[in-house]
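One structure, pasted below without further comment.
By letter and in written order, the chains are A, B, C and D; residue numbering begins at 1 in each of them.
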Amino acid sequence: MAAASPTPSPLLSLRRAAKSYGGVRALRGVDFDLRAGEVHALLGENGAGKSTLIKIITGAHRPDAGEITVAGRTLDGLTPALAQQLGIACIYQSPALFPDLTVAENIGLRLEPAGAMRRVDWGARHRRAAQLLQQVGASIAPAAEVRTLSMPEQQLVEIACAIGAGARIVVMDEPTASLTQREQERLFTVVRELRAAGVGVIYISHRLEEIFALADRVTVLRDGQSVGTHGLNEVTEAGLIKLMVGREVAQIYPPAESAPGEPVLTLRGVGCAASGVHGVSFEVRAGEIFGVAGLVGAGRTELARILFGLTPADAGEITLNRERLAPRSPPEAVARGIAYVPEDRRRHGVVLEMPIAQNMTMAVHRRLFPGGWLRGAAEQGLARDFIRDLAIKTAGPDAPGGSLSGGNQQKVSLARWLATQPRLLILDEPTQGVDVGAKSEIHRIIRQLAKDGLAVIMISSDLPEVLGMSDRIGVMRGGTLTAVLPGGSPAAAVMAAALGQNERPDPA
Amino acid sequence: KLMITMMPKAKGNAYFITCKVGADKAAKELGVELLFDGPTDSNAAKQNEIVENWITLGVDVITVAAENKEGLSTALRKAQKQGIKVITYDADALPDARSFFVNQATPQGIAWGLLDEAARLCGSEGEFAIITATLTAGNQREWLKLIDERLAAKYPKMKLVAVRPSDDLKDKAQSEATALMSANPNLKVIVAICTPGTPGAAEAVKQAGKVGQVKVIGLGLPNENKRYVHEGVTESVMLWNTSDLGYLTVYAAVALARDELKPGAKTFQAGSLGSFEIRGDNILLGQPFIFNKGNIDQFDF
Amino acid sequence: MKRYFREISVTLALGLVLLGLAGFAPAFYQPQPLLSLATREAPTLVVACGMVLVIICRQIDISVGSQFSVCSVCAALLAARGWPLAMVVPASAALGALLGAVNGVLVAGLRLPSIVVTLATMVTLRQGLNLVRQGAFVNLPDSVQWFGLSQAAGQWTLVGAALALLVAFGLAMRHLAAGRWVYAVGTDAEAARLAGIRPQLVTFLVFVLLGALTGLAATMNLVQSPQVQPMVGAGLELKVIAAVVVGGVAISGGRGNLWGAFAGLLLLACVSPALTHLHIEAYWEKAIQGAIILLAVVADGVRQRKQKF
Amino acid sequence: MNASGSHSAGWKSVVLRYETLLFVVLVAEWFFFYHYGTTTNRRGTVVGFGTLDRQFDILRHSCEIGLLALALTPVILTAGIDLSVGSLLGLCAILFGKLWHDGGLSIPAAAALTLVAGALGGGLNATLITRLRLPPLIVTLGTYSLFRGLAEAITHGAVTYTDFPAGFLFFGQERWLGLPTQAWLFALVAAAIWLLVHRTTWGRAFRTIGFSPEGARYAGLPVERRVAQVYVLAGLIAALAALIYTARLGQAKADAGTGYELFAITAVVLGGTSIFGGRGSVTGTLLGVAAIAVLKNGLACLPVVIRLNAAEEMSGLLTGALLLLALTGSVLPKLWSSFRSRHRRT
């Protein structure tokens, strides 16, 4: 356990922290400490307890047992307010912002002092917001309502809040999950600046290359227990993976095997004024994985929403298996054999309150329940099969979707659409926030589906994933498809297309 | 002990509370038990339910002020079938659903009385307006119809500019009267044909500073209106002695239960109030009474 | 501008109605009747101020009508016993605050849905009052009328007080941290908690505040007449909620403001006198009010639909 | 009992427990009133709660509110609300009376048209809610005024339609096969709604939408159509309730069904259906309706209450209290466990 920096007493330490949700033991006695001026990565499979651990640190959840010490003070009832006073700031996996309020106000509410009868200085709020946003390199208007921002933009607002709070401890729970390369680089710069200023950063990510690029030490969690803290210079990627999953996992992408067949989906000049997409033309063949890359806000999700009938197209022509396709609503799209695994799984992918089994059969009501009469046995059978096939970690088919960790929720969402036996599968960020073990599992499944003759569109901000998995790569920029590259193209080519011909990737 | 029940149109209405005072007195004199219950707001369906309650309870006589002629009649007929005597008071049901109707005053007596008083105040010409309880109340419709007919026949120069409902709420009556006055600057008289309407309209006139310019008359209890009558806002209020109405009703109910009152009788003796005329199956309380500055202080109900 | 579309459109609608009245029924504009109208609506406005806060906080209170009745009767009984108004008014507000606190504890403390909680307290309070009082009126002593002032002075006092409260709350909601907290909690209670705000406390307090304002409004109504009917607040909740909603306060919390609610209240308050002035029969009133509520929200719905997709 | 209606083994047992509890309360209530509310009157006949007549009256009186509660159950399951059902009942009663009396239609034809009108009224709610994405609370607050206002406008508030033929009144005032006629209709509707909610994919969709409308949309469920159907169904049932109401009272008047929506919502919520949507059952609603009806009618039979002349107020008061108790009871276990965990730590 070589120390990366010689600071003697830790900024924060956690002893024997334990937490259960009902019957699920999310943490079972974890020790953890954070020093000033270090980036401490937290690593573990989906459901290992990372998010739970940081919720304890930020006071969002009370631990069932254990103690927290911050700057030498042992704290008993840590609340979010107290944590804030102590200089702990957090960027949650899903941003905890106020969608109806403006960006400036969101930042203001977090950073301003507590007095209830204090006068609000709107001018100062806006100036401060503008300055902080500039600091994280975001071009967001302080007067914009947060609901109008995209997910990554919201994350940048969160980061601006943390910086503004002058936090001495900054927690980031998968901040890059929906960021693209460029934003990621900007984020790294910010993190390094924080470290240089003596701030302790807890950094959670499933992307190992990020951790190696950024972190000083890493703590690995497995099944709610810490399996060790290491300096990054002492471990290898393979070693970390083994610690995480307790076995060896090859992080290679499964190779394309079959030659693509007939065109399944053809788009010609497709656009939708309302969602800012225009003039998209490409085709996807049976047995082909068509990767879609692009920067944040390039319109990839919007394109998927058009194909799924959520925002019907108002220009161009779409054909599916040589028949005209113009879905005006998701049910129509589903009836035509289109499946869409959305990027925001907590809001769209699974219904958190409903059992896993019901989540999985949601899109196959017609086939599974002829005449509209529910059949419990058929449903349970289907769910059990998928739980087994996709290795979903759960108490059983009747456990509510919300009790699963992010990665397992993603698998449930995937299962729902595989159950429809679609002709075209659209995956939006399929492995966002999914641990390496599950990730390669999902990659294997996708490849297998393609091999069975399914046409797959895979939208991803994870460049290695797009490069490794795709047979062809479409690149989107500013709401339109700017290039289609062959699979295995160099990363630089994809980036160049995503940024526009004349621009070069920003090295910062 | 006989069990007599009495149902008002709405329990909280001061009019019926005064009725109950007389009824209680009669019940005590006669040594019978009196149940007094009704909906808190005028509602035919609730009246129905309460009558059904009483039927299963096996009371001896049911007396009701029917919110609505037809609505209650089925339930009342059912009561009669079970051997329970039925009397209506204040507002009648269908004739075959009850034995007697204790009539406080003929509709004509009320409607014409009010209109004639209004005509006197405005010199038989000019605009006037009416405030009613609810648009749906049966007796109010009947009075309105009679007023319309007499207006056409006798006072061609008088103009009825509006009929506005007060929902039997004084506050609403006040708002309505305020609007009526500003919408009809030449308004001379406001006639309220429900008891909460009269003080409500008077208050509105007073607030609008139109005392003397717009006169208020209507049905009303003396206590509610004393102040306005003395201030000269309200010219006069008309009402029968409601306490006597309750008293008479209970006496008639008991007499009916004891077979002392039979169809076809011409007169009826009601304790300390003496003798009343029976016309057909209507027991008549007498003429409505006009309360004005001179006599209103002699009454306390 | 876009943000305040709803407030602006309601104000425009109000302007249209007022203009129409000026054209077809100029008699509507007479100082004394208008002052009377304003006086009658002043208590409603005070309740509406509190309701705006509660709805912005993503809650609702349908028990205000019953609270209003209970406070009116209790205040009237106190006044009839000879309490001076200077004590009756705070006592009524305190009683209202207490009733609001009951709702607040149930909603904020036990995290029960406010619509159901206040449905239950609405029925309980109303029937409890009926049970105890059997619908009896309360006669008030003369000294209570218009606070013992002259009538005109009393009317101006009431209208002035209501407007002052409106302005105070309007400014506080925009410029005080506490006001912004109400918006924050209504937008996302969990995010508010993470930002160091105590959402349960804020929720509790808005209910208490609404209760206190309702108690205050009850006394503002009390001084206008020599008698109090126990049914006095019946239907107040729907009137206030309709006004607030027509004024653009989103039932889903976090959006809207007092100025919009004020315009909404004026719009709905004008319907009944406008009908009288235009000589339209009274039985159209409810239908027209329903149509106005629907039109207001439909206009908003059409706009949002256009904007979104 | 309702395997498909519940969400997990744990959750199922909670519902089961709540419904069982409610059932126990209902039975206890019934026996209490049976014991204290049955008396022998002066003429020697047994009267009060314990008589068969009385029980039939309870059934008769709860049919309309029961129907509205059944109509509201799917609505509330989708996290919606319909405040307009009481007003729609009034409007439909008036339309029925007008069609028959003024329109010269036969009773069956008028009834059929009334049902259509009810569905159209529900359709108006449905259109505004689904097409314009407006909150149901507000839309139905508007139609609550609108429907009642139309009823008043049509009749000028004054006309009351009466003198319906005996064949029609049979549905509201007579018995068929031993039970009040309308009880059969009610049972039929209850069974249909139960099947719909607990045994079909429609019911499943209602719950899904109640939990997460966006989630349901992304799952390819026809969200708009299902939501619309729920409100149309509510309108249809409100029209049916209007017919039964008219047959029971023998009259159609503009104030029919005033305030019924609140009783119906109370019954649904008392029956354990969450106002936030998703959770709840038709069995619970039926128990809720029964608990309120028995309470109301039972109190009206208690000599003490009768002598206080306060049956109406007492039943209102106790219904409100029961609702608060049920709500509080439903969160107590959660509160207790969080309280305990807090104490274990310190």
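Remarks
As a working rule, a residue touches a chain if its C-beta (ideal position, glycine included) is under 8 Å from a C-beta of that chain, and two chains touch if they have at least 3 such contacts.
Since the model is a prediction, treat every value here as computed from it, not as a measurement.
Annotation of chain C and chain D: jointly contacted by A, B, touch as defined at the top.
Comparing the chain pairs B-C and A-C, the larger number of C-beta pairs in contact belongs to B-C. Taking the CA centroid of chain A as reference, the farthest chain centroid is that of B.
With centres set at the average Cα position, the gap from chain B to chain D is 35 Å.
Taking each chain's centre as the mean of its C-alpha atoms, chain A lies 45 Å from chain D. Contact with two or more other chains is made by residues 11, 40, 135, 165 of chain B. In chain D, 152, 155-157, 309-310, 312-313 are the positions where the chain touches two or more neighbouring chains simultaneously. In chain C, the residues touching two or more other chains are 130, 134, 282-283.
The set of touching chain pairs reads A-C, A-D, B-C, B-D, C-D, using the touch definition from the header. Chain D meets chain B in the complex at residues 41-43, 45, 47-48, 51, 53-54, 57, 61, 152, 155-158, 160, 162-163, 169, 173, 245, 249-251, 253-256, 258, 297, 300-301, 306-307, 309-313.
Interface residues of chain C, counted against chain B in their complex, comprise 25, 27-28, 30, 32-34, 36-37, 39-40, 130, 133-137, 139, 151, 155, 221, 224-227, 229-232, 234, 272-273, 276-277, 279, 282-283. In the complex of the two chains, the chain C residues touching chain A come out as 3, 174-181, 183-184, 186-188, 190-198, 253-255, 308-309. On the chain B side of its complex with chain C, the touching residues are 10-14, 17, 40-41, 135, 161-165, 169-171, 174-176, 178-185, 196, 199, 203-204, 206-209, 223-224, 227.
Those residues of chain A that touch chain D in the shared complex are 62-65, 76, 310, 329-331, 333-334, 340, 342, 347-355, 358, 362-363, 365-366, 369, 372-374, 376, 398-400, 416.
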